[in-house]
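This is the structure, below, for whatever I ask next.
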Amino acid sequence: MADRLDISQRKKDHLALCAGDNVGFRDKTSLLEQVELVHDALPEMHLDDVDPSVELLGKRLRAPVVIAAMTGGTDEAAIINQDLARAADQLGLGFGLGSQRAMFVRPHTAHTFQVREHAPNVLLLGNLGIVQARAMSTAEIATLCRDTGADALCIHLNPAMEIVQPGGDRDFSRGLDTLRRLVEELHIPIVVKETGCGLSRGVAERVRSVGVEHLDVSGSGGTSWVAVEAHRAVDPDERALADELWDWGIPTAASVLQVQGLGFRGIVATGGLRTGSDVARAVALGATAGGLAAPVLKAHRAGGYDGVVAFLRRVVLTVRSIMLLTGSRTVADLQRAPRVLGPTLARWVPEPRR
Amino acid sequence: MADRLDISQRKKDHLALCAGDNVGFRDKTSLLEQVELVHDALPEMHLDDVDPSVELLGKRLRAPVVIAAMTGGTDEAAIINQDLARAADQLGLGFGLGSQRAMFVRPHTAHTFQVREHAPNVLLLGNLGIVQARAMSTAEIATLCRDTGADALCIHLNPAMEIVQPGGDRDFSRGLDTLRRLVEELHIPIVVKETGCGLSRGVAERVRSVGVEHLDVSGSGGTSWVAVEAHRAVDPDERALADELWDWGIPTAASVLQVQGLGFRGIVATGGLRTGSDVARAVALGATAGGLAAPVLKAHRAGGYDGVVAFLRRVVLTVRSIMLLTGSRTVADLQRAPRVLGPTLARWVPEPRR
Amino acid sequence: MADRLDISQRKKDHLALCAGDNVGFRDKTSLLEQVELVHDALPEMHLDDVDPSVELLGKRLRAPVVIAAMTGGTDEAAIINQDLARAADQLGLGFGLGSQRAMFVRPHTAHTFQVREHAPNVLLLGNLGIVQARAMSTAEIATLCRDTGADALCIHLNPAMEIVQPGGDRDFSRGLDTLRRLVEELHIPIVVKETGCGLSRGVAERVRSVGVEHLDVSGSGGTSWVAVEAHRAVDPDERALADELWDWGIPTAASVLQVQGLGFRGIVATGGLRTGSDVARAVALGATAGGLAAPVLKAHRAGGYDGVVAFLRRVVLTVRSIMLLTGSRTVADLQRAPRVLGPTLARWVPEPRR
Amino acid sequence: MADRLDISQRKKDHLALCAGDNVGFRDKTSLLEQVELVHDALPEMHLDDVDPSVELLGKRLRAPVVIAAMTGGTDEAAIINQDLARAADQLGLGFGLGSQRAMFVRPHTAHTFQVREHAPNVLLLGNLGIVQARAMSTAEIATLCRDTGADALCIHLNPAMEIVQPGGDRDFSRGLDTLRRLVEELHIPIVVKETGCGLSRGVAERVRSVGVEHLDVSGSGGTSWVAVEAHRAVDPDERALADELWDWGIPTAASVLQVQGLGFRGIVATGGLRTGSDVARAVALGATAGGLAAPVLKAHRAGGYDGVVAFLRRVVLTVRSIMLLTGSRTVADLQRAPRVLGPTLARWVPEPRR
């Protein structure tokens, strides 16, 4: 009971904190601002010829934009999930559910995750922490996926958040085994996802080696979950640790560079993307799509469903415009478009052969 | 009628906005400040030996300076064009007319572009948008050129401006065909010109391949036409897009570097040049001449014809002085003079063989 | 007598000044902030699997942290030494005594250095300036070591401090001979240590060539001893010299890079480390352990023995956390962990073969 | 008569302006702050073993410091020259007279340059502009040198200053011939000297090719002579030109790097050196000695002869201290000492073979 209250309260805290202004990184950005796209003055096409659609996880998005995993488990979450899923469906984007752990431990909250009827065609991403996934049977996980009608399951890795969180997990063993099992046994694809600290080349290589074909780098520069926990910490030692790790993580643009060339079929770049320019820059670094969490939440707080649609429409309009202005007819063209990297970001390009 | 009023009003808006201080780039400069020229303490010549003249488009300018395309079509524009053309003629510089579309669609405004009698010897550049040129026959275009006595025709590429402009063009197809046709059929040379977003290496290669031999890079760092349209936008979505693309474009110095080594006969560097030092730096990067728009307009607003002559005289005096101080007897010497590039600009130097 | 008073007063001045805020470097940092560790989202271990222990000078520390040499010789110093030694013993860290010159010239102060009974298992480092060591016989030095039960002897090099100090030493000859003699004749290992100006590759090569196997780089970025003397200077010329040399020295991170690859068995990185992140970054550059002086003194001033234990516990907790988050099970793993160096620090990496 | 008054007034203006704070470069430094000397913690010598003496132009200076050319021709100048020459003699440094043109055109002012009786042993440098030297016979120049007892003659190159100066010279032809003639015919060595804009590699190569063996780079970052003339300008065009060229020139540290490896016997680094650290850094870049002008003038204004001696004593003390702290027994050692260059300065290192 205390536990249930606790989880429910935590979710509320998270939503309130993440919609505010004090959970950003302090001295670290996504480094997307160090990606200079190169203007093409002679695009040789009509703006309507630009095709920003992209295939991701077996579905075609109308634009390379995903609403990243946020919530579930409470009444407020139910409304948010419905509105965001509907908006994504309406615009042809992807939508990610928040961690479905709540749904598993408290089955009566399942409805807060069930958005399929409101969003029949949306690319719907389920979500589970790797520590929870390790403890569950594949059948149990499959049930969670079937009950929501998810097209793929994001397994989130978030060790930094866990270790600064009071009562967070401390055991991160057998993660790779868990991923291998799910790749082999689950009926839908797995997306390995961070939650704001990014994925390194080493991690990407390891998860690729067990068959994972999709990533969401969720790098640093946007919402810092360590910062969120710093606000919630009561114990001064925990607060001090969270304070020191506040800026921990790989900047999103750096993380996208790190995971290139390893044979992934889809790479979502989440973490600190705020505009269509950010999405376009992430794609030009090699991402399949850009993901946004906190800014979508803020748009919902400010304007509900309509606010979210209006915000995302602008994001897509900008992506389409930049595609034209870089002479990119397709998302694949944008991925190959010339770009100039700033000096800090350039240091993150992996060596040719290491 | 509504249309005519509209165009005429737009022209007035443009002049007023561009003479003001709120249409510059926000976080982007021309990068000319990252070109360090190298002092020659022993120039071995008289200041009078310095020959800042340069051949451009078949005429010899007394200094490598061009007044870039600005206006036409209104009474105010007529006065400005006359004064600027006279000043350019007086000082032996180049002068560019604003877009002659107005002259085509409203023939009674032709006189506002006809400056030849006031500037019999000036290098006179006609101007037409590529979208308009595509829609017109070569004969129609030839008439516009003959009626103004232009020595060459600038075809401006401005997709960024078009797509943020209410009612702007969205179709940029068949631009290269249009250029090929004009190169082959028109009696005067074509200059491919941007309007503040710069020309990339890719665009330069493509237009070179259809026979274009002259460019005006018109890069970023000076007047931002997207910014101009941001001020004029009424619709919040359009305003938001313009806001986000405000700084879009290739910095002028970067653009000059990008188009080197492709066999062009003349390269004008416009965009953010404000002084004779800027002109000299652009030439040291390989430009044939520097172009200035907004600062000339401001000088005209402040001091009319005399103000323009005084301003340009200072620009030329500085160019001449810097030629001496870099030991450059000729403009060709200045183009070969040693220079040290700053780190941001250096990243724009094209790879030897790509 | 005047001399004794003087030394005693200097020690008190030093403690008071170093616990304050005006003896830091002005425009120089340790450059540890230019070491970006790379997040490992999939650490594949329990936090308890992380083993932050490390062998240094024949003893195993429970974490790669050393309290660097500070004091001795006065009553205040006696209390500090006891408390710090006890704290280090309690937490399984290393502890360094301040210069034992006082103990030699004023034997009745010996007790202020004798902490062994309070810290039976601690890695205890003795301390002597190279100029004093040169003047003493090996037997005399051995006695100092035996009387304190030191496990190793730090020989500190501090020419910058000496030459700005009124009455400081000016003769730095025969230092290498002295080190060779002590390496050969003393019963415990020698650690060559700076006091805030760092060790260069050249110095490291030279001391390695006479058999020294351990270093404490004590680089710039934390306490500036020249600054301390600037505050104490009376003569305006001496004050001016100290002012000008205030920032003299090799940043700590740079110094750790400089001494890599020369075959040392242990490298302590002291100088400007303030947190567990700093310790982790120093280790990732190749250090065996990080050393802290002034921040431990401040923690003692603020909270006595308990304050020191609390402070160091946090440092260790952060190190352990970062080890997990970089996927480092052992300190050796952390030393090999990927890292991205900032541009200023990168310039200090020694050339492959020089 | 007007002319004489004018020259005399100019000299006074210059002294007053240069002793003030408004004739420095605006956005340009000497780049000496980008030279990081590397601390040697084990110098293996006594401070007294450090020998900061250096041979320059046939005389041995007690330290690598020269008072750079400043004045002559007025009563005030006479006092300054005497005091500075005496101070240099007293401390064993070099001293440079201001331009001796005044002495030639107004022979009764000769006494203001004649400091030999007050400074019997000083390294005394005569001074003449290259334009004046071109117009004079070698015999006339030899007389100027003999009448002052100069050990060498600085021929200053200052085209930037001349062209911004009302009535300044505009003819810089036959400079190289003039230098060749003087090298061949004059009884004392020639030093080619700038006055604040620096010497490029190209200029150094050319003057070396006619036999010049000594340079004073006098680079940018200290006194800007263009700035001085900007203050004196009356005509707005001249003022505007001076304003634009205010920061023109090669930073001193860059200039020292540019002239390395061409076989010069002596290189003085003047321009923006303000302390002994600056002198040491210049030497570590390859200079034989550092030169100071404006700061010596300021010290004289503030404290007369004694003020100058005190100031220079501190400069020398710092040089000596830094020599010890870089393990440099001799100036030649300091020239070879390790150093780390900042990124802006590094771009000025000449390519190995060009």
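By letter and in written order, the chains are A, B, C and D; residue numbering begins at 1 in each of them.
To be clear about the criterion, contacts are C-beta pairs under 8 Å (C-beta built on N, C-alpha and C of every residue); 3 or more make two chains touch, one makes a residue touch a chain.
Chain-to-protein mapping (UniProt): A, B, C, D = Isopentenyl-diphosphate delta-isomerase.
Source: prediction; values computed, not measured.
Taking each chain's centre as the mean of its C-alpha atoms, the one that lies farthest from the centre of chain B is C. Homomeric contact chain A/chain C: same residue numbering on both sides for under half of the interface positions. Least-squares overlay of CA atoms from chain A onto chain B yields a rotation of 90° to the nearest 5.
Note: centroid distance chain C to chain D, computed from Cα atoms, is 44 Å. Work out the mean CA point of chain A and of chain D, and you get 62 Å between them.
Residues of chain C in contact with two or more other chains: 343.
Chain pairs recorded as touching, per the definition above, are A-B, A-C, B-D, C-D.
Here chain C touches chain A in the complex through residues 38-49, 275-277, 310, 313-314, 317-318, 321-322, 324-325, 327, 338, 340-343, going by the rule given at the top. The residues of chain C lying in touch with chain D in their complex are 130, 157-160, 163-164, 170-176, 194, 197-203, 206-207, 237, 240-241, 244-245, 248-250, 254, 343-344, 347-348.
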